[in-house]
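Both complexes shown next keep subunit A, but they swap its partner, so subunit B is in the first and subunit C is in the second.
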Partner chain A sequence: MADPVKFMVDGQHLQAPAGTLLINAAKEAGIAIPAFCYYDGISLQAACRMCLVEVEKTPKLQVACTLPVAEGMVVHTDSPQVRKARKGTLEFLLTNHPLDCPVCDKGGECELQDMVFRYGAGESRYRETKLHVDEKQWSPIVFYDAPRCILCYRCVRICGEGLGVAALGIGNRGAAAEIVPNKGDHLECDECGACIDICPVGALTSGTYRYKTRPWEMEHVGTICTHCSDGCKTTLGVRNGDIMRANNRDRSGVNDEFLCVKGRYAFDFNENPDRLTAPLVRTNGELKPVSWAIALATVAKKFSEVKAKGGTFGVIGSNHTSNEENYLLQKFARQVLGTSNIDHHRTGDVATLLDALSGRTNALAATADLYTTKAALVVDSDLAQEHPFLAYQLRANWRHHKARVYAVTPGPVREDNYGTGVRAEPGREFEALDGLRSKLAAEPELLILFGAAVKGEAIRQLVAFGDSLGIPVKYVCLVDYSNSRGASDMGVLPDLLPGYHHVSEAGLEPGMNCDQILSAPNLDVLWVVGANPLARQPLAAANAFVVVNEMFLSTETARRADVVFPAMSAYEKNGTVTNVCGDVQKLTKGAKTMGTKSDLDIIALLAKEMRADLGATTPEQVFEEIRTAVPGYQKLPFGVIETGGAAATSPLNGRVQFDPRPELIRPAGNTLFTSGTLGRFSPMLNSVIESPGALYHDPHHRPFIEKGSGQIVTVQDK
Partner chain B sequence: MTFSPELEARFAKLLKSYPPGRTRSAVVPMLLYAQDEVGCVSQELIEEVARRCGVTTLQVDEVIGYYSMLHRKPLGKYHVQVCTNIACQALGGEELYEHASRTLGLGNKEATPDGLISLEEVECMGACSWAPAIQINYDFHHLVTPERFDRLIEALRDGSYGKKAS
Partner chain C sequence: MRYNEPSPLEVRVISQRFDLPNSASIDTYLANEGYVAIKKALDMTPEAIIEELKRSSLRGRGGAGFPTGMKWSFVPRNTGKPTYVICNSDESEPGTCKDRLLMENDPHQLIEGMMIAAWTIKSNKGYIFIRGEYRYLIEIVDRAIAEAYERGYLGKNLFGSGWDFDLYTHTGAGAYECGEESALLESLEGRRGVPRLKPPFPAVVGAFQSPTILNNCETFASVPVIIRNGGIWFAELGTPRNGGTRLVCVSGHVNKPGVYELPMGFPVMRLINEVCGGMRNGKKLKAVIPGGSSAPVLRAEECENLPYDYDSLAKLKTMAGSGGLVVLDEDTDIVAVALRTIKFYAHESCGWCIPCREGTTWLKKILTRFHEGGGQKSDIDLIGDLADNMLGRTFCALGDAAAMPTTGFITKFRDEFEAYLKKSQTTAPVPELVNI
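Up next, the complex of A and B:
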């Protein structure tokens, strides 16, 4: 067979690699062949008949979406016969379509509307009464309106192939055919909404967005999801400062168009009526709203007094705030307050991994590697629950590139369904890995993703295991929350400065860690920025002055505060965040809540109030300072990040000196339907029947291997 | 779910008749054979077939929704299918179906209260040369007039059906 194949489309001589589908080959040359059911990345369906083209010497019109180009093929995509066929196809698709465009959510961005406008006929020959079927609600999120459906199977395929959930199918046939959910009258699934966003028409609509607005009334702001650490791009549809919807239809982020239920629908915490909109200061035992001026002055005065008398500060940062905020917070703590008592809720032992890999290049995986690596090994993580995008990406790599995926976990995981699953009781992961050694060593390369059970010395053991395989190995330390990695990288740690320099390099002593701060009886001031540490451990110092930056008053920590600053959410500010794989991406301000300020502004204003000079204080300036000063961030290409791309941080050159304290590593244990304290404030997340979900959940009730059972079992071997 | 030894043997043979990894191909024949034994495609049967063929129950549901010869509700002991597709229609099939519906007092896919007879309007069953045609369970009856139909029904009722020429 000739390769490349030479052929002709609409008079243009073209060539393409053998096996290229005509629809794609034409697109490369700028010739648009319209289609509904054809969709990049999922299997071919040839259901809609919209892409019919004329191929010379072929008696009937051909379907361009399943037709590979052939040597000498002569194609016409705009002949009278083709135009007639398209008109006819659209006439058929509209036979029972209600044409309720004026009230349809999809109106204005509907592929059927666009196609009829461009290729359709202005009138129909059908005079028969249209079949009507009532709209159905399948979950709080998914609604289905059968008459609008054109049966392109996109939803069925993305759910089955993309997610591996297969919750949608086709019921009945002919004119009565419609999409049906897996539980008869309702859905039990990931509630990710991929089916809704992939729908070319208004057949599938979301409970969040339906009948709320028209697409042209919104501004579309691309930013990074604030729930888990995967760093999915989510495009917020914002109207008058309110978020109406979130999706990623422009496929612009690391996540292509993948989003889980949290990225698509759990933005509703942002407009929760419990949002704080004014600073609160405790007077006579009660938190009362005051002006920003009073709140800032109160805190600045207290901070100055405690500093002057040589008192003890404790600062607990966040794994949700931006890199700039984390950076400025540690700078404020160390330079203005003069304390090293700063820490955050650690969810993964990134520092030990960086130390174990110091001096190596190409040993840290970027997000994009999950889609291209030849083989991947997941150790102790229920990826589909805890890192839904990473799970999707590994599956896509298997679908598109036949990647081999291995999972060593205590319970059943979705990777078992297409890869090799090994059940190992907690603590015996390495024995299970030994059992896989010969198979893994036979792979050309390997990407290892490990959960929080692998920390401290176990990470060094894992890297030694990787080295012993004799193949190139890359690692991902699975941290939780949207910027855990950034908090660690920016030195929100008692013994490490930004870029993992030991504090002694700056002439400082290591400070107290999170647990020590909370249990220190002599603590004078506790400042918590965007975290809820008191949910886990009470504060020992009864008289400590507690300052909290928070969005909600009802967290355990905010309720104990003496001053609460109402903070902006990640969707309301600019900055950067670093995802689980170390890719840096830009947060862009979308929504607005009156009365709130970003944590960056709060830190900067407090510094001014205390007459301290922090230097750079805008997100742009602080990011420049990070790019100048922080190892790992020095080579970040500004243009890539500024234009909404993802840029990988670089590995460290030397060893990391620090006190590892693996007992402080506490995984969030979030499922698809929980999101730490933040998840409590999303009504949508709590309303789906699958909520809160469970880790290592298994519908087939295969065994979860308990600690102490002494078992290692291979359940699937492919 | 347990089936008769004959049916189990049939299933075992079926599952071996397709290339490896293609056990889903057995869904349709399994449903058809099991329906005859069970009386209809019950939820329990759907789950059993899904398990044996390695597909989801939703995939089995899709098949049942597509093929009109698979029934979720029990039919009569004698299932009477009247063709109203083009050839039969031209030779009185529609009138025959209406006659059947009226005399039996049954709508499409309904069964008599005693469970003896059920009626269904079907598409072409490949007996166009002898239209109008009906099918009672697996037996064809050709060139059926309303009078002949009535005699057949009478035979079903008095138990003489299949015992003497009708």
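Up next, the complex of A and C:
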């Protein structure tokens, strides 16, 4: 890199790499230059004129957000001229602003309020009438109050540039200019709410939050979204145990700016009226609320009896519970119940990938790699639907670093718009990949993300294809739910212990898988922890005693239960989860629902009731045990995770011995607006699905190219 | 057609064919030295053409007065990208009505000027961006373009040189802002007409992200005669650094308003008294807005011995701008003029940046109240301060174009504003707005 440029700001001698914008160079030195429209990571506007500074030997004030530092430049950010300009700009901004701060959602965390407080005038010279335009609702999520808008165009840019959706534009001109949806009177978009969170004022507000609370009444709890597997940090705004909102304004997680509609707004399942608040035990054919003591005793007694008579247990774990809960559940099953009949809904064939890559280092991509890799290949996944953050991050990598992105998919995907898109009939992906071979081989490196259609032998074939390119390749096996990866890593599998070691190493026989459990006629006990397997397949054993840990009664599985334990949601407990790329992050308790317990506590209390010693039973202790005992999770940096960071696991530890059952890999098939069984309990997601702008509510993902059509088409070649 | 009688004091260079029968037709053009310059230019190197323009002291006729030769020399060569030549005929500055005459009466002169520009940078494509309200001109220019294609003056392999040049018209949608060159490019490319960040300037990154020559219609129209007769010849028509002639659009309280082609440096008072037949109804001159409505006003006494060229007007902190000269007589209500002016800019502000968007509207509201008799003494200083808060702080020059005349009115005619306060207290009848 060239020599740094030397310059002076407010008497301080500074230096920065050539090309650094003055606003950023000053910020590095602790000199704040105020701005509304400047926003890191999106294009420059220079529209708000708030960042004007005085540069010596330049007649006019200069815009610090577009001015690269130059050798010998002398800048004053606090001269009388600059102060007057800022004051003038803020005075202009307030002329048509309604000044309805007392009832504005943004009051207390509004950039306009803060700017006027710091740089503005105490009184206004404006005594004319203000322009007024009525507030508009553009979707179940997005409301726009034009008079509050300062037209910084951040919303327009994050939607167009960040998301690639471009649902917003600008209408009218002059003082009547306002933000408008590009499709008439409503939004046709991802409903992600990025526009709302990026709004510096209260012009854009959300249907889930508006007029509910004052910002200072909430506590802010950073935790991990409980919907898809991308592991986005979401900061819950909690008031008296209730979640008021979720956002990521502090850009603290792996997801930087990003959250999708689920991460920002689908927390509302948490206070669904259907939420269970007391244990239920079936008496005379009906589920009746009982005390925790009775429910636990009932289940412990049943478990002990069945175990004593050598009966058959089946345990089905969750894609949403924490690593600690998954770990403790399999430990309970194997040590207390003495069974390996344990499984979960598998959404990706992680084990086969780990086996195919055994013996390698640097072959698994961490989340951060998506933003830095020079090239990426997506096979058989509509990332924008199923992994919205991964889609955002690839796009950000293209925007900021010109990464090349290739997509081989049956249907149109968002990556087509800026990368190379190839439509391939399902099952003919490898022919399409062969067509891309020379291009891919010319890349310096490649990150391959593949969906659930690539499983079993196809994964080995994909790795062989990657090897044949002769360049460094990293892989991501796409799994679908918030802790799908953790369930797999923690050994919620019939033949694998935590860390992908075969059960025989613990002197156990492989147990029944999910399908076998559900279809076993002689099953005595089925324990389902945070899952809804009966939605897909009925339970064959009519007389089985069914125990369910669940948040809601109305799931197919809970309705069949003999005992239902009311479980906490992921937003109500501490622990860790592992995202799709194998990064471990911390769940932090935010909300409270009276009467519920965490699955960890339920497992521990049952063990206690059965006089069994599970050892560690608090989230912290179990995490320590995982860090000590689980291959791939050893040496995880505690400090990084504890402080809200993401730590990559390294589960490549030699061959994985297991019974590959590709037919058990069943993708969730979620769209942006669905989230398995959990999504049913989010009124907001349901309202979005029903709104006219919901573009992506077809749950079938109708492929562009049907199976059997024999087609491979390159639609976009960039 | 011409809308006013020519004056014997005019020096008819670019308007020389205006009065010929069928002046817009290619036959008339060809019979009167038409398409001679392009053939001459084809034998010249780009450097020689640019040198000729530099010698001519031709300066941009759109408003800023930037030397045209220098502008063309900024266009990078051999970037591997296509290059474009774009004519700014989005003539919207109040008081300006010259480009319409050039397109109406002599469109081939414009086409030839653009061809010379295109040949200079080896461009194969040009656009004439015509103000949306000039519907009828689009037909005339399109017809001229069609004629040029028919006769082989546009299209492939022109004059056997192997060089292709295609020319198109494109209409604006009625926004003054699209006369700002980068907003024009946005509009041309199909987007909302808001200005772009500069640098890069259009010469380097212009239309479709490519190097572009973008000039005013009159500027292009001046090019053929410069190539034909030489830069020195053109320069000597005007004053030093202010080469050639210019179409001056005179409106307001004179006996013979109209568009007159006059050499640069022609005295303003002679323009009013001799070319335009003096003040209407024998009234006394009060003020002159010298270069379109964004030029700060001049008091009558400042116009004595004032040559009409870029540099002389700049010395008086105003500008020749787009050549629109508005003459105001002693009965003119300056407050009403100030209001009419700011109304225009408030209506035309694109809304992109805060000081222009909010400042123009606020000024309009104050001046409206002031004009209606609700003014206060503090308003005068407030108007001045708001204009000062806009000046030099907006994204593009539209904010300056609104602030400069406003400042001009209240500094040069503060007495009138103050008198207005007294008058309004006596509920004097509200004067009618002046149309400028």
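The working rule: the second predicted complex is superposed on the first by the 699 of 718 C-alpha atoms of A that agree within 3 Å, B and C clash if a C-alpha of one lies under 4 Å from a C-alpha of the other, contacts with A are read in each partner's own complex, and residues count from 1 in each chain.
Simple rule for what comes next: a contact is a pair of C-beta atoms (placed from the backbone, for glycine too) under 8 Å apart; a residue touches a chain by one contact, two chains touch by 3 or more.
Note that the structure is a prediction, hence the values are computed from the model and not measured.
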Quiz item: When the two structures are laid over each other on subunit A, do subunit B and subunit C clash or fit?
Solution: clash
Exercise. May I ask you to decide whether A:I150 touches subunit B, subunit C, both, or neither, giving the answer as first, second, both or neither?
Key: second
Quiz prompt | Touching partner for A:S468 - first (subunit B), second (subunit C), both, neither | solution = neither
Exercise. Give one of first, second, both or neither to describe whether A:T277 is in contact with subunit B, with subunit C, with both, or with none.
Key: neither
Exercise. For A:Q81, decide between first (touching subunit B), second (touching subunit C), both and neither.
Key: neither
Quiz item: Between subunit B (first) and subunit C (second), which does A:S554 come into contact with in this model arrangement: first, second, both, or neither?
Solution: neither
Exercise. Please work out whether A:R173 is in contact with subunit B alone, subunit C alone, both, or neither, and reply first, second, both or neither.
Key: both
Quiz prompt | First (subunit B), second (subunit C), both or neither touched by A:N522 | solution = neither
Quiz item: Is A:T58 contacted by the first partner subunit B, the second partner subunit C, both or neither?
Solution: neither
Practice problem: Look at A:N182 in the shared chain and tell me whether it touches subunit B only, subunit C only, both, or neither; answer first, second, both or neither. | Solution: first
Quiz item: Who touches more of subunit A, subunit B or subunit C?
Solution: C
Quiz item: For the superposed three-chain model, which listed region of subunit C (186-194, 240-248, 276-284 or 294-302) is the one that clashes with subunit B?
Solution: 186-194
Quiz item: Once the complexes are superposed, what residues of subunit A are shared between the subunit B interface and the subunit C interface?
Solution: 169-170, 172-173
Quiz item: Of all residues in subunit B, which touch subunit A in the complex?
Solution: 56-59, 61-62, 65-66
Quiz prompt | Parts of subunit A lying in touch with subunit C, wherever the complex brings them together | solution = 44-50, 52, 59-61, 66, 84-85, 88-89, 91-93, 95-96, 125-126, 128-129, 131, 150-151, 169-170, 172-177
Quiz item: Of all residues in subunit A, which touch subunit B in the complex?
Solution: 166-173, 180, 182
Practice problem: Report the residues of subunit C in contact with subunit A in the complex, numbered from low to high. | Solution: 175, 177, 192, 194, 197, 346-355, 357-362, 365-366, 369, 382, 386, 388-389, 392-395
